[in-house]
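One chain, subunit A, appears in both complexes that follow, with subunit B as partner in the first and subunit C in the second.
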Partner chain A sequence: MSSSQPRRAAVLGGNRIPFARSNSAYAQASNQDMLTATLDGLVARFGLQGERVGEVVAGAVLKHSRDFNLTRESVLGSRLSAATPAYDVQQACGTGLEAAVLVANKIALGQIESGIAGGVDTTSDAPLAVGDDLRRALLELAGARSVGARLRAIARIRPGSLVPEAPRNAEPRTGLAMGEHQAITTREWGISREDQDELAVRSHRNLAAAYDRGFLDDLVTPYLGLTRDQNLRPDTTVEKLATLEPVFGTDDPAATMTAGNSTPLTDGASAVLLSSDEWAAEHGLPVLAHLVDAQTAAVDHVHGGEGLLMAPAYAVPVLLARNGLTLQDLDFYEIHEAFAATVLATLKAWESPAFCEEKLGLDAPLGAIDRDRLNVNGSSLAAGHPFAATGGRIVASLAKQLHEAGPGTRGLVSICAAGGQGVVALLES
Partner chain B sequence: MSDWYTTFANSGVGSTLVTQLGLPRPAVLRRYEPGQPLLPGPAVLGTAGEGRLRDTVDAVLRDAGVTVLTADADERPAAVVLDATGVTGPAQLAAAHDLLAPAVKRLRPTGRVVVLGDPPAEAGTPAQAAARQALEGLVRSLAKELRGGSTANLLLVPEGAEASVAGPLRFFLSGRSAYVDGQVLPVSPADVPAGADDERPLAGRVAVVTGAARGIGAAIARVLSRDGAHVVAVDVPAAGEALAEVANEVGGTALQLDITAPDAPRRLVGHLRERHGGVDVVVHNAGITRDKLLVNMDAARWNAVMAVNLQAQLDLTRALLDADGVLRPGARVVSVSSQSGIAGNRGQTNYAASKAGVIGMVRAWAPEFAARGATVNAVAPGFIVTEMTARMPLSTREVGARLNSLQQGGLPVDVAEAIAWLAQPGAAGVNGQVLRVCGQSLLGA
Partner chain C sequence: MPTTVLDAAPNLAALYARAAVTARGRGGELPDTHLARHGVGVDRAHLAGYARVCGLPLDDVLPATYPHVLSFSLQMALMSDRSFPLALPGIVHVRNRVELLAPVGAAAPLDVEVWADRLAPHRAGATVDLLASVRAGGREVWRSRSTYLSRGGRAPEGADPADLDVEVDEPARTTATWRVPDDTGRRYARASGDVNPIHLSGLTAKAFGFKHAIAHGMWTKARVLGALAGRLPEAFAYDVQFRKPLYLPSTVQLATAPSGGGWDVAVRNARSGAEHLVGTVRPL
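Coming up: the complex of A and B.
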């Protein structure tokens, strides 16, 4: 490392719209609608009307072809200066956090002074594509130069070609749904149904408590009549969750994963405002935390014998080692709840001497964490998980939590993603 | 939101129809727009009694480019100003009649009559007190006689408060007071900063507006912003979507906050300190109604209205006063009261109690504010055309809207103009007062 440390990007705050259950409150809203509304809420919170922000970086996992240049188009529809550059990123469920890391890195390098990182996803207004047969026939028709060629192209179209292709929540290389992949990992690590349900209940209770104490007042802006996350069930109990039938890994009679301890499909968007300390001071905006460092990892879930959602377990020790920290040096842990079992398997892996030695190459396990410092304001099981919007939700919420806890407090963000990937980051107030 | 009847009655067909039917034909009021002159024509200035403010008034008019006419000039005046300070007995009021009668007869539509007098309570003799008090009866009656959107108001100026006169006088003459009619406004001695920018009198100031997501609160945010202030727009988190739109429209910031939460004062003070280093203007506008006859009203309705409309104003103001340096020198607090708080209203015991309470609050706090060179006042709207009144039954709404000297409901902007004016440096001499914006309503008059 060179003698001059790069400066660290400050997290100033964030905004998101309440997350809606699929085909509900936001059924008619497009990715661009939601991202634009989220940016405008951020603009209103921080007085950024007409401001030329250094860069806006965001993305969506499920995109229409019309979502070309989604982020830039959203910026143009927002109250930000039209001279604000923007680009799209996509790293599955890691998109939102990766966007924040990209913005933070440019700020650290002095290439920009301020930036907004975001993400949006809709599973309601999802793209449907025409089948490959129909698509090829239409392309051939468009390129045909004679009547005969046109007729031949049209003749290729069969009734069966007209069935649209919907996006699937399945891994392209294995054909397994994400929940089925997790079910394998859940079984391997022996994660019990009770532990999963208890984690889910805590998520709902923590998020409900956060709303009740006004913690989300400056993190969320209502949208289309929704004022709180639609999936939130403040009064849910372990007993209620225990009545649900398993939905993943059901070939095993002892299947444990239910709709209650798995994140439902959700629509929503989030955005985070980052800047240099100087920019923040010039704009009279308090710094909540700094984004200190980040790390990605990937595992071979296809042939490598590792679980699809286990990559964060590999990324975190690298991040900790580089920053001279142990797992227990952190004050707050934000581990994205794709499934309750994902969080529990990750924690169990860090406690396992075998895993830590064989898979991570460590002399000793990372060890256990204080569960009272985990997802203290609720996470995806309660809020929902619009894929690309989760990173922004967590970064803004954790930064505020660290700010409230006082200077020098550290927090970890850990997000698993499709394709066997993981994105993790370290924040410090 | 507009007064459809006023628009209709002033249209071609509508004007003929309402005249033939003998219905009231409310005038289109002269409302302020940036760049507008103080008056659309010349003014007549005269005195009754000693007239110690004559030179002050003359200077205000001439500084604003207004031609000052003699009482017998042929030109139709846009305003008549009578300086009746120093009247010693009823006999001297004849001069008031002599000046006003011919001048008011020639007054242009949307004209202004402003009378300046001394406070009756400070009179030396019963005859002097009688003459001073008589001006109130004169002005209130004249306001009811005026047509064409014209207004009449009385300013009470004690000895030593000469410097406080210019601001209120300009307000009553201008389009900012379009729906303020038949009112008596006492001023007090104060240090009035000189040379305020009349186009952007609030430039560089930070203004908090509660209940800013819609209706009158949104109008207040717009007018304060137009006058140069940075607006911190506050409303409950559930109203955040509309709040963000208002904040973005006025180039301000949105603060989602339930003002009745126990930590609301701490959070508001912290926000103002961290983000703006303090605050210059606080407008307590947030209010709710939970109407029921008293005998049918449950505790929840009573308590909710009290918490939002009154207790929150007390708690937030106290916290701002106590927070070192947050309420800046020359600060202005303006509370929205209501006609119901003055006149009472069937089905609104809770609401009227809270709004009357607001009046008690500003009067009690006035000395503490004056000691800081600050002011605290209330504005009491009458029938204002909003989303809330749009939901009233047609007949109730239309009758309610006509029960005033201007024969029409006011607009949210009329309330906003009065509040923004009280926030101006030039309004430093108005403290602990209740300014009604009601078109001289018949209720509680």
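Coming up: the complex of A and C.
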């Protein structure tokens, strides 16, 4: 490490639209519509009209090929200055947080003074692709020089080729849906149905309470008639959730994962405003927290025997060690609820001497956390999880939570992602 | 000034049919009737369809051209009525000015009112203005003046001549090229309800003297608005003149230039340079 510490990027706040259930309120909205509306909401909240922001970084996991420059196109349609540069990133469900890390790093290095990180996803207006047979036949047809070649290309098209391919929520190398992967991990770690349902209920109650006390008033802007996350069920109970049939890992009679303790497919977008302390002061905007550090990790879920969504368990100890912290030094924990069991398996792994010694190479387990400091304003089980939008949702709400708790408060963001990856970050007010 | 309040939007296809069979023998003064609908709600799916066809962003405020769609069936009802002095079939939209007085939310119910004004002589016939006003919560938020030309129509003796010219420094710099596909008229007809046959197919357009189907002027106007998304004042007047018909399919070029706190715009044919639309956006 160099002798002069780089400066820290400040988190000034965020904006998101309420998250909608798939094929519902946002069924007609494109990724660009949602991201543009979210950027314009941020512009309105922070007085950024016509402002040239250093860089806008965002992405979508499910992206149509015409959206190759999604973020820049959204900036051009927004009220930001047209001279604001932008680029797309994609790291599956880690996209939003990775975008924030990239913006923060450029700010830390002095390459930009301000930036916006975001993400958007729609499972309703999802791109359909033509099947590979049809695609190849059409490409051949386009390149055919003679009538005979054209006819041969056309003859290759069979009725069955005309069925479009929808994007699937499955791992390319294993063919297993993410829920099926998690079901394996859930069983390995012996995560009970009751614990999963209880975590889900807490997520709904915490998010509902956050809405009720006005915590989300300056984090969410209504969109297309929605004012709250559509998936939120404030009155759900462990008893109600206990009635649901398992949907993942059902080859096991003791399957535990249901639609109630798994995140539903959702549509939505989020954005976070970051800057240097100087830029914040010049613009009269209070700093909520600083993005102190970040870490990624990946596991071999294909041949290595590790759970698909366990990478954050590996990333967090590296982040803690580099910052001279223990897990218990943190005041708030934001662990993305891909599934309730993902959070519980991660926590159990950190409490396990065997896992911490053998897999993480530590002398002692990271230990247990105070559960009352976990996802205190609800998380993805209640809000929903438009893949790339989750990072921005969490960073903005955690920064506000840390600011409310007072200076020197620390928070952890932990997000698992497809492909066996994890992105984690440390924030401090 | 008698005002008739309608409970529902009139059926446009039926209005065209009625207008066609009662086209002959029209003349005389403009009726002073006002037609209104109260508490009109915006259908989000309809708005989304309109936005998609016109290349407009989808959010919670109405594009400045959208209230025209809400008022259009009332305009047609007024013009198709036997008391209206000009024949509706073959009538063309030659100028449109909308004034967005304040952002119009998609959630609030709207009161829409239309009436006719200014029957004026034109070298090819006569023009008439259809005025529309939209109120939200009792306050006027939007108004428009649509000028239509009736070839062979007659205006009263001594009336002031038609006023079709928008004063504009025509922008020279091309900012976008659009390929306008041949189903544009049909798609906009579905989104707007304007099923005038001159937009639907070559065959139906020929019946009214056009060599091909032509794009709706209000589609072109909305498409230009979409190109200016994020670069518009909060309240503005958007005034355009529709010049040469935009035959489908065509490749056209948009030219824009910042002017007077707003924009000067033009849409021209990419090959012939013929001007389809010229206009201005000015803050209010």
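Everything that follows uses one rule, which is that the second predicted complex is superposed on the first by the 429 of 429 C-alpha atoms of A that agree within 3 Å, B and C clash if a C-alpha of one lies under 4 Å from a C-alpha of the other, contacts with A are read in each partner's own complex, and residues count from 1 in each chain.
Going forward, a contact is a pair of C-beta atoms (placed from the backbone, for glycine too) under 8 Å apart; a residue touches a chain by one contact, two chains touch by 3 or more.
Since the model is a prediction, treat every value here as computed from it, not as a measurement.
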(message) Once chain A of both complexes is superposed, is A:Pro253 in touch with subunit B (first), subunit C (second), both, or neither?
(response) neither
(request) Classify the contacts of A:Leu285 with the two partner chains as first (subunit B alone), second (subunit C alone), both, or neither. (result) first
(request) Classify the contacts of A:Asp40 with the two partner chains as first (subunit B alone), second (subunit C alone), both, or neither. (result) both
(message) Contacts for A:Arg79 in the overlay, against subunit B (first) and subunit C (second): which applies, first, second, both or neither?
(response) both
(request) Using the superposition on chain A described above, determine whether A:Ala29 touches subunit B (first), subunit C (second), both, or neither. (result) second
(request) Using the superposition on chain A described above, determine whether A:Gly175 touches subunit B (first), subunit C (second), both, or neither. (result) neither
(request) In the overlay, work out which of subunit B or subunit C sits against more residues of subunit A. (result) B
(message) Going by the contact rule set out at the top, does A:Val220 touch subunit B (first), subunit C (second), both, or neither?
(response) first
(message) Just to be sure I follow: which residues of subunit A are touched by subunit B in one complex and then by subunit C in the other one?
(response) 37, 40, 79, 222-224
(message) Can you tell me which positions in subunit C touch subunit A when the two form their complex?
(response) 44-45, 48-49, 51-52, 57-60, 106-107, 229-231
(request) Please give the residue numbers of subunit A that touch subunit B in the complex, ascending. (result) 37, 40-41, 43-47, 49-50, 79, 214, 216-218, 220-224, 227, 284-286
(request) Going by the contact rule at the top, pick out the subunit A residues touching subunit C in the complex. (result) 28-30, 32-33, 36-37, 40, 76-80, 82, 222-225
(message) Touching residues of subunit B toward subunit A in the complex: what are they?
(response) 230, 233, 237-241, 243-245, 247-248, 251-258, 261, 263, 267, 274-277
